[in-house]
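What follows is a set of structures for review.
The same chain A turns up in both complexes below, where it pairs with chain B and then with chain C.
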Partner chain A sequence: MTQIISRQDLLSWLERLIGERIVIAPAQSNGLVLFQRVSRAEDIVLDFDNTVLSPKESFLPLSEVLFTVAKENGDIKLMPATVAEEMVLFGLHPCDAKGMAVIDQPLLAAPADDLYQQHRARTTLIGLACSQAGPECFCTSMGTAPDDPSNLDILLTRVNDSYIVQATTEKGKALLPSDLIAQSEVTAPPPPSPQAVPTEGIVEVMRGAFESPYWSRLADRCLHCNLCAYVCPTCYCFDIRDYVDEGGIERVRSWESCQSPGFTRLAGGYDPRPTKGARLRQRFYHKLSYFPEHFGHLGCVGCGRCVRYCPVNIDIREIINDIQKLGAQSEC
Partner chain B sequence: MQEGLTQQIREKARELLTSAAVDCIIGYERASDGLTARPLFAYEPNDVDKLIFDQTCTHNLSRFLVDKRDSTVAIVAKPCDSRAVNLLLAEKQIQRERVYVIGVVCPGIVEATWGQINDRLQARCQLCREHTPPMYDFLVGEPTAEEPPVEPYHDVAELEAKSVAERQSFWAEQFARCIRCYACRQACPGCYCTECFVEQLDPQWVGIRVAPAENEFWHIIRAFHLAGRCIACNECERACPVNIPLSLLNRKLEKDVLELFAFRSGLSAEALLPLATFKKEERLGMGE
Partner chain C sequence: MNAENPFIPYLATLLTTADLTPDTKLLTVELDDPDVRDRFDYQPGQFAILSAFGVGEAPFCLVSVSYRGRQLEFAVRRIGTVTNALHDLEPGVKVGVRGPFGNYFPLEQYKGSNIIIIGGGIGMAPLRPVVNFILDHRADYGDLLIINGARTPQDLVFAPEFDTWAQAPGSRLELTVDRGDAGWTGREALVPDVVKELKPSAENAIAITCGPPIMIRFTLIRLKELGFTDSQIATTLEMKMKCGLGKCARCNVGDTYICQDGPVFTLEQISKFIEQF
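And then the complex of A and B:
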């Protein structure tokens, strides 16, 4: 027996949740599907390929005040930012849930990033299994799958006009609307099969490819914008700046990326990654070498956003193939 | 016809690389979706068979000339792209003898995103006035008679007709989506500053905060820095992941410069740029 909820009841449940807490869900905005705060369940888009931006924005906002410093009666007070309100993030696909699990590793390892931890703790993740794979998708090569419930609190899988409900955590179970859920004999349809990418052994092969001229040739066409990093569910770098005015100081962090020219420029002007090739290489070494060496799995989840949106078609799937070939050649 | 263009480009490229007249050809190859195009840097005669030209070749490759200014390169240039080459020459960013321009008579570029082609011409191509490049060293394709577009600024005029408050709220809504990835800047052949004002620390013109005031500041200054310089290739808008209609801003300024100075950027490498030129007899129009 499986638990199911009808499409109509799902919307009623979401309407109920919107009344109780912040609900972030995919919704239309100028022809794009983006995760945003919704105030009506009817605005939520249930069938979509993938949002333009990943849901990481809900946990690591584009910009966020870390703390404020103010003068009060001659004293200087430092007030850390806090986030308290309960939140539901609805509609993320398993690749994006895996993306959150990837970012958790550096940001929740002690000493944890306090604000990120608060955002994560207050949020329940309700995911949607994918009913089809886009031409850019390759999640099954990156340790997750279109129907993977493992990094979510609840996974919904569409079957005709209903959804199979799988609550995998206590947090998820606590949120389920028992009055709207029925028991059923239905089984989930087989998940779609995204394209496979040869990731096996890539970490070892990457070790030998660092000095290859491949990277500078690839970087010829790279524009060195931050687009790939900003649409990516696993990129988590940021910059910090203080905003000072008469009222006090705000310390703000905003997304930043290894592709931007000033990212590694040090005081005095020295830059350990001064060339386009060195910067582009860093992106792929972080995901396919440094991250797995530290944390035991690849730092890419195969959502395909960078493949789809890169203005000059720098395609990580192609790079993995090319590096495997380079590795095979050097063994001969 | 387009297979003919590809063949002619390949032959010229092979000749230039074989004779070592250039170090590299900047052209187009098929993208990883098997449908659209992407930039190709061909260094060896063996690479030239990857070169293509068709109606998906949207990129303005002149954007790469500043990166390659220490080499001698050949570039495949559509008419709009060759206007950007003129702009870079007029602004002394590249040396004429180091750039060999393979101009292409342009059939117009279709709307496409990765993995998807729409057969409709891009809006900028529907408004095109030059199907033959204004400058080139070698021309591919047969020039045809030009028909000037009807009402090229109709959408700009619609926006101009709105009240200040309406325009403000329109742009506030558009800029609110900006994630400040700077893909618009990086795709632009006219944005070649070694350090962009937005990243300068001393003085700090605009902070890193992604918020309405900072986003608006970024977009206004970006557009103004391109006033009288933008050649309307619209690569900025194409690169934008969140569909901000940058062409509206760019073309508003293009229209103003056309009306005030009777000037369109990039038609000649010798032209004086109106906003970078001071003439003693010019009056500032501020009651002097």
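And then the complex of A and C:
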């Protein structure tokens, strides 16, 4: 027996959740499907291939105050930011849930990033299994799958006009609306098959390709627009800066990208990674070599967003293929 | 480190500032909370991240030694936004301190060895606590040779301590500048050339060097000519850093985080980095 919820009841449940807490879900915004705070369940888009931006912004906001500096009678006090409200992140696909799990590793490693940890602790993840694979999807080559319930609290899988409900964590089970859920004999349809990319052994092959002119040639067409990092569910590099506003001081953390020219430039001007080729190489080495060496699995989840949105068609699938070929040639 | 929220600095008071060179100041800072002050122990080579509130924060090596006193010293060269702000602060102002971060020179392991310290310019800053540690534990180490170079005599960073360093038993201080002035009677030579001239023996010796990349490059060549192996040479690396915690991914070189796995490395370790700077 499986637990199911009808589409209508799912919307009623979401309406209930919206009354209780912040609900972030995919919704239309100027023709784009984006994760955003919703105030009505009817605004939630249930059928979409993938959102333009990943949901990482819900945990690692584009820009977020870490603490404010309060001045009292000539003395100063640091007021840490806190996350008070409970949140539901609804509608993320398994690749994006895996993306969160990737970011968790550096940010929750001791000593944990306190604010990120608070965001994570206060959020329940309700995922949607993919009913079709987009043309740029390759998640099954990156250690997840269109129907992967891990890294989520609840996974919903559409079957006709209902959804199979799989609560995999205590947090997920606690949220389930028992009055709206029925038992059923239905089984999930077979998951779609995204395109396969040859990731087997890529970490080792990358080791030998570092000095290849491949990277600077690839970078010739890169515009260093940083869009890849912007849409990526696993890019987590950040910057920390102070902002002064009408006498108040805020220390702010914001997204940063290894593709920015100033990313490694030191005070005084010396930049150990001064060329576009070296910076583009850093992006792919971080995901396909350094991250797996550090944490044991690839730092890409195969969501395909960078492939879809790169203005000059730099395609990580093509790069993995090319590097495998380079590796095979050097063995001859 | 503030384990509950590692991005929140400890509040501290800037006690004094002193000019070390025309562009470098020694900032002496005291942590405000006596409990924090007591447990803020650190080793030569470790660093902390200093905040000038409203401007930002940046990493600096701790140039004091922990056991001598609870006040923290930083040698800050005026070179960027945060260092400019720190230079302009008046004593008494509140600053922020995060840390201590990173690894440190394995001075325990170096016991019994002759030590050669080779520093250029502001690169002498992380080496100062090493010199002072060795002088304070003199019997544990062999001969100490300090080669300290700078562009001009005015740019030699820890001049007030030179007599102490030079006169300590078993210690020798060799100063050099690229360009002397009217009052300068010492060497006018590049640091690697002084290494070549003095020919320190590699036998039972450890060389610790820090300075501008070009100085390090040629110093390493000279040391190797003298028979120093990669494991006998240690240095401390500088990279852009934001968090100090291995999270912001600014300072990684391959899968190594300079802020956590470093900043101190032997040449043997550095030669295995996939990316060479």
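Please note the rule applied: the second predicted complex is superposed on the first by the 330 of 332 C-alpha atoms of A that agree within 3 Å, B and C clash if a C-alpha of one lies under 4 Å from a C-alpha of the other, contacts with A are read in each partner's own complex, and residues count from 1 in each chain.
Simple rule for what comes next: a contact is a pair of C-beta atoms (placed from the backbone, for glycine too) under 8 Å apart; a residue touches a chain by one contact, two chains touch by 3 or more.
Values in this document were obtained by computation on a predicted structure and should not be read as measured data.
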A:286 touches, of chain B and chain C: first, second, both or neither? second
A:53 touches, of chain B and chain C: first, second, both or neither? first
Partner chain in contact with A:264 - chain B first, chain C second, else both or neither: second
Touching partner for A:215 - first (chain B), second (chain C), both, neither: neither
First, second, both or neither for A:138, with chain B first and chain C second: neither
Chain B versus chain C as contact partner of A:239, first or second or both or neither: both
Doubly contacted chain A residues - partners chain C and chain B: 239, 241, 256
Chain B to chain A touching residues, read off their complex: 31-33, 36, 38-41, 59, 63-64, 67, 113-115, 174, 177, 179-183, 185-187, 195, 199, 207-211, 235, 238-239, 241-243
List of chain C residues in touch with chain A within their complex: 1, 3-9, 11, 51, 53-58, 79-83, 94, 96, 213, 238-240, 242-243, 245-250, 252, 254-255, 274-275, 277
Residue ranges of chain A touching chain C (in the complex, touch as defined): 66-67, 69, 75-76, 78, 80, 106-107, 109, 111, 113-115, 207, 210, 236-242, 244, 249, 251, 253, 256, 258, 263-268, 270, 272-273, 278, 285-286, 289-291, 293-294
Contact set on chain A toward chain B in their complex: 29-32, 34, 52-53, 62-63, 134-136, 217, 220-221, 223-227, 229-231, 239, 241, 243, 252, 254-256, 260-262, 276, 307-313, 315, 317-318
